[in-house]
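Have a look at this one.
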Amino acid sequence: MSSSAKNRMLARAARDITPGMTVNLGIGLPTQVMAHVAADCPVCLHSENGIAGVGGLTAPGQEDRNLIDAGGGYITCAPGGSFFDSAVSFALVRGGRLDLTLLGAFEVAANGDLANWIIPGKSAAGVGGAIELAQKARRVGVLTTHTDKHGNPKILDRCTLPLTAMGCVNRIYTDMAVCDVEHDGLHLIELAEGVTLAEVRAATGALLIAPDGPIPTF
Amino acid sequence: MPVLDKSTDLTDAIAQIRDGARVMIGGFGVPGTPFTLIEELVRHGPKNLTIIKNDANEPGMGVDWLLSAGMVRRLITSHVGLNGNAVRMMNAGEIEVEFVAQGILAERIRAAGAGLKGFVTDIGIGTLLSEGKQTVEMDGATWLIEPALEADFALVHAARADTFGNLVYAATARNFNPLMAMAANCTIAEAETIVEIGGIDPDAVHTPAPFVDHLVALPEQLMEVYGVVQR
Amino acid sequence: MSSSAKNRMLARAARDITPGMTVNLGIGLPTQVMAHVAADCPVCLHSENGIAGVGGLTAPGQEDRNLIDAGGGYITCAPGGSFFDSAVSFALVRGGRLDLTLLGAFEVAANGDLANWIIPGKSAAGVGGAIELAQKARRVGVLTTHTDKHGNPKILDRCTLPLTAMGCVNRIYTDMAVCDVEHDGLHLIELAEGVTLAEVRAATGALLIAPDGPIPTF
Amino acid sequence: MPVLDKSTDLTDAIAQIRDGARVMIGGFGVPGTPFTLIEELVRHGPKNLTIIKNDANEPGMGVDWLLSAGMVRRLITSHVGLNGNAVRMMNAGEIEVEFVAQGILAERIRAAGAGLKGFVTDIGIGTLLSEGKQTVEMDGATWLIEPALEADFALVHAARADTFGNLVYAATARNFNPLMAMAANCTIAEAETIVEIGGIDPDAVHTPAPFVDHLVALPEQLMEVYGVVQR
């Protein structure tokens, strides 16, 4: 994935973070989306280790040893932020107060299934908080390269890996396209600039329903 | 990063509550009861409400305003001992009352707030209160399943809030308020003092702002009922 | 019950409140036990509406409108006290952190059953927090007159009223005696001064196992 | 009324922990991990421990000291991704590891603290993590029953305490600490600052003193590991 394609993807995902949302961004690509959200957009960033109101990464030398995010990065607390225990933190997630989560994926399927925690044969290091984020956030977005490093599709008709959660994904953002999971299948919503429908279809392991007219680009 | 200002006009906040709504109301006796929100709810006047509150306050006070206005179909509560009016209406069949052991009521509300379906307990086993309840076998014994208790709205009373909706309660006025704030689809909080963002220590927040939808400022001079000192 | 008999009963119950205990005292007679606990005895008084560290009743005119106990009385918070929500308050009870509760009774049985919330035919005003206190405090004491106002025994072989909790009572304090619920039945532990074993047996609706030797008095 | 002084010598507090004990340890990464209590536990040396902690810290740090000393039979955790040593021991069969989804781990611990037998949830339905779990039908669907997770001891880290054992945590060092403090038969807290009775606002207490059994004072100069800023 080129850095410009990556930035386009991040910026596109950022456009779906709207004023007033409480959002949890997974480790890796999702965390980088925040840099593309408008500075004046009122968003509350949740991290599952017990904070609503993540400010950003701490400047080197300014770290507070008691203040990290779930990825282990030292962060600041934004004005209006709050701290709470792990039970309250996941109550917020499961109770429906998390408007959006953006997660990474090993595989994501046309039926919304997500696999992002274990690859059989490799030892799993655990499940962390991803299951509850995937299963209970009001909206779940997946950020991923459209294909793996061998060029194989990561968007499949059905996942082959053990699932993180069933039917949980609403939208998929990749370096090639934006797709929505609907009841009747996977819909192509937008194409990355310079990418053709044929190219996306070839790189996708599931039937892709394209709109009738021209396809918007991002 | 800025945060949303959840300050809402009292009338607009309460106008969302329609006939048949399930409404949780914080408070244990007087402390923590959102009298101003309740008064506006009476003025607004939806019918057939299900009210979930620890107690029915006292005659002429709080929940009793709703009862007297004929707005309540069902009351889920731990006791109504201080409100003879509620006892009379219950006995006359004018309201349905479901009694729930106080800690089980708290826990059922919390379970809804925590996005759980219910919990497993032995409280009430062998008593009237276990009758008709679903059971489950675990470790060779029989346990009761208590379902989560959710609501459309929660009305809560806070001592302090910031404009984003972080709430702090005072002393025993905390009681059911933080649990209900988490358990309802829409949480409306009244606050005695509203401070600017940054005015509440993040370590001292009792209800984090993401649980709060609307924040109503109380007048500096509270209604007399908040200060009742008699029993 | 004479006021001296009542005071002896309260003082006797108070002797079982020992240093370091967390204690919940029910409404009515039990609340009055506190006045008989030594002022230098470190005890933490819990009230189920959300406080550990009840100081005492507030002097008239000094009431804090936000600070009551579960009985609705205006109280003070003792140094070292804390406030919490109703879920934490009952977590403390059910989780085994309440060393002792003293409760009132309509009826109490030789098998430890307690009935103190509903009399069929009369309308019940609710259950409040008594069930969980009775069922889960590490020790449960009952304070009651030995007989009702008609002279009928309140201590029975089996309760006739709907139960608050089964087999929960450890010790019964009355104006006539102190009795312990054991696996083999109800044991007489102490007699009130001036009361005879025969009098207690006559006023008790259950078999009372008396010690072989002399019976201590209180 | 005076209150009990729960100040306890580090050695005496930890000496209670015997072979085969179930021990909960607070912390999420470095923040909130009671390194001083863990270090003393290693010195004391009980074997066949079951350790319950969100994560396994990092190599050469906290839980890893227990693993390296061969004191752990079983680890109940949400992930061990930052500790390659734990992964290696797990794969070599030197320790048993039970992975629990993070929020379910928190909730199972809380359920024990709340004196419940367990709770009912749909988290994990349709995934590997639901395999072998007890289920129950409610409202026409199948749900999982998650049992409460209790322990003999909880080791927690607080920023501040009073001598009675009221605890206050700092920022994200709160995490699992208050839940574990409620869930164990015996809770041992280490605190950076211990103040006199009355020195903590009753509204600001995170863990009420009745949940705490022993309070261990930390030296003014904390071990270096508390201040690790690297990842």
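Note that the chains take the letters A, B, C and D in the order they are written out, and that residue 1 is the start of every chain.
Note that a residue touches a chain if its C-beta (ideal position, glycine included) is under 8 Å from a C-beta of that chain, and two chains touch if they have at least 3 such contacts.
Here the structure is a predicted model, which means the values were calculated and not measured.
Asks: Steps needed, at minimum, to get from subunit B to subunit D via touching chains?
Replies: Minimal hop count between subunit B and subunit D: 1.
Asks: What chains touch subunit A and also subunit B?
Replies: Chains touching both subunit A and subunit B: D.
Asks: Can you name the chain that lies farthest from subunit A, using the mean of each chain's Cα atoms as its centre?
Replies: Of all the other chains, the one whose centre lies farthest from subunit A is C.
Asks: Which pair, B-C or C-D, has more C-beta contacts?
Replies: Answer to which pair has more contacts is B-C.
Asks: Where the CA atoms of subunit A average out and where those of subunit D average out, how many Å apart are those spots?
Replies: 30
Asks: If you average the CA atoms of subunit A and of subunit C, how far apart do the two points sit, in angstrom?
Replies: Each chain's C-alpha centroid was found; their separation is 56 Å.
Asks: Go ahead and note the Å separation of the Cα centroids belonging to subunit C and subunit D.
Replies: That gives a centre separation of 35 Å.
Asks: Which residues of subunit B are in contact with two or more other chains?
Replies: In subunit B, residues 107, 110, 114-116, 121-122, 169-171, 174, 202-203, 206 touch at least two other chains, as defined above.
Asks: Send over the residues of subunit C in touch with two or more other chains.
Replies: 51, 77, 83-84, 87, 90, 93-94, 136 - these are the residues of subunit C that touch more than one other chain.
Asks: If I apply the definition of touch given earlier, which pairs of chains qualify?
Replies: Pairs satisfying the touch definition: A-B, A-D, B-C, B-D, C-D.
Asks: Which of the residues in subunit A come into contact with subunit B in the complex?
Replies: The contact residues of subunit A facing subunit B are 19-20, 22, 39-46, 51-53, 55, 77-84, 87-88, 90-98, 136.
Asks: In the complex formed with subunit D, which residues of subunit A make contact?
Replies: 47-51, 63-70, 72-74, 77, 83-87, 89-90, 93-94, 118, 123-129, 131-132, 135-136, 162-166
Asks: Which bits of subunit B are touching subunit C when the two form their complex?
Replies: Counting only subunit B, the residues touching subunit C are 28-32, 54-55, 77-82, 87, 90-91, 99-107, 109-110, 121-129, 159, 169-179, 206, 226-229, 231.
Asks: Write out the stretch or stretches of subunit D touching subunit B in their complex.
Replies: It is residues 107, 111, 114-122, 134, 136, 138, 143, 145, 147, 168-171, 174, 202-204 of subunit D that touch subunit B.
Asks: Under the definition above, what is the set of subunit D residues touching subunit C in their complex?
Replies: By the definition above, subunit D touches subunit C via 1-4, 110, 112-116, 162, 164, 166, 182-183, 185, 197-198, 200, 202-203, 205, 208-211.
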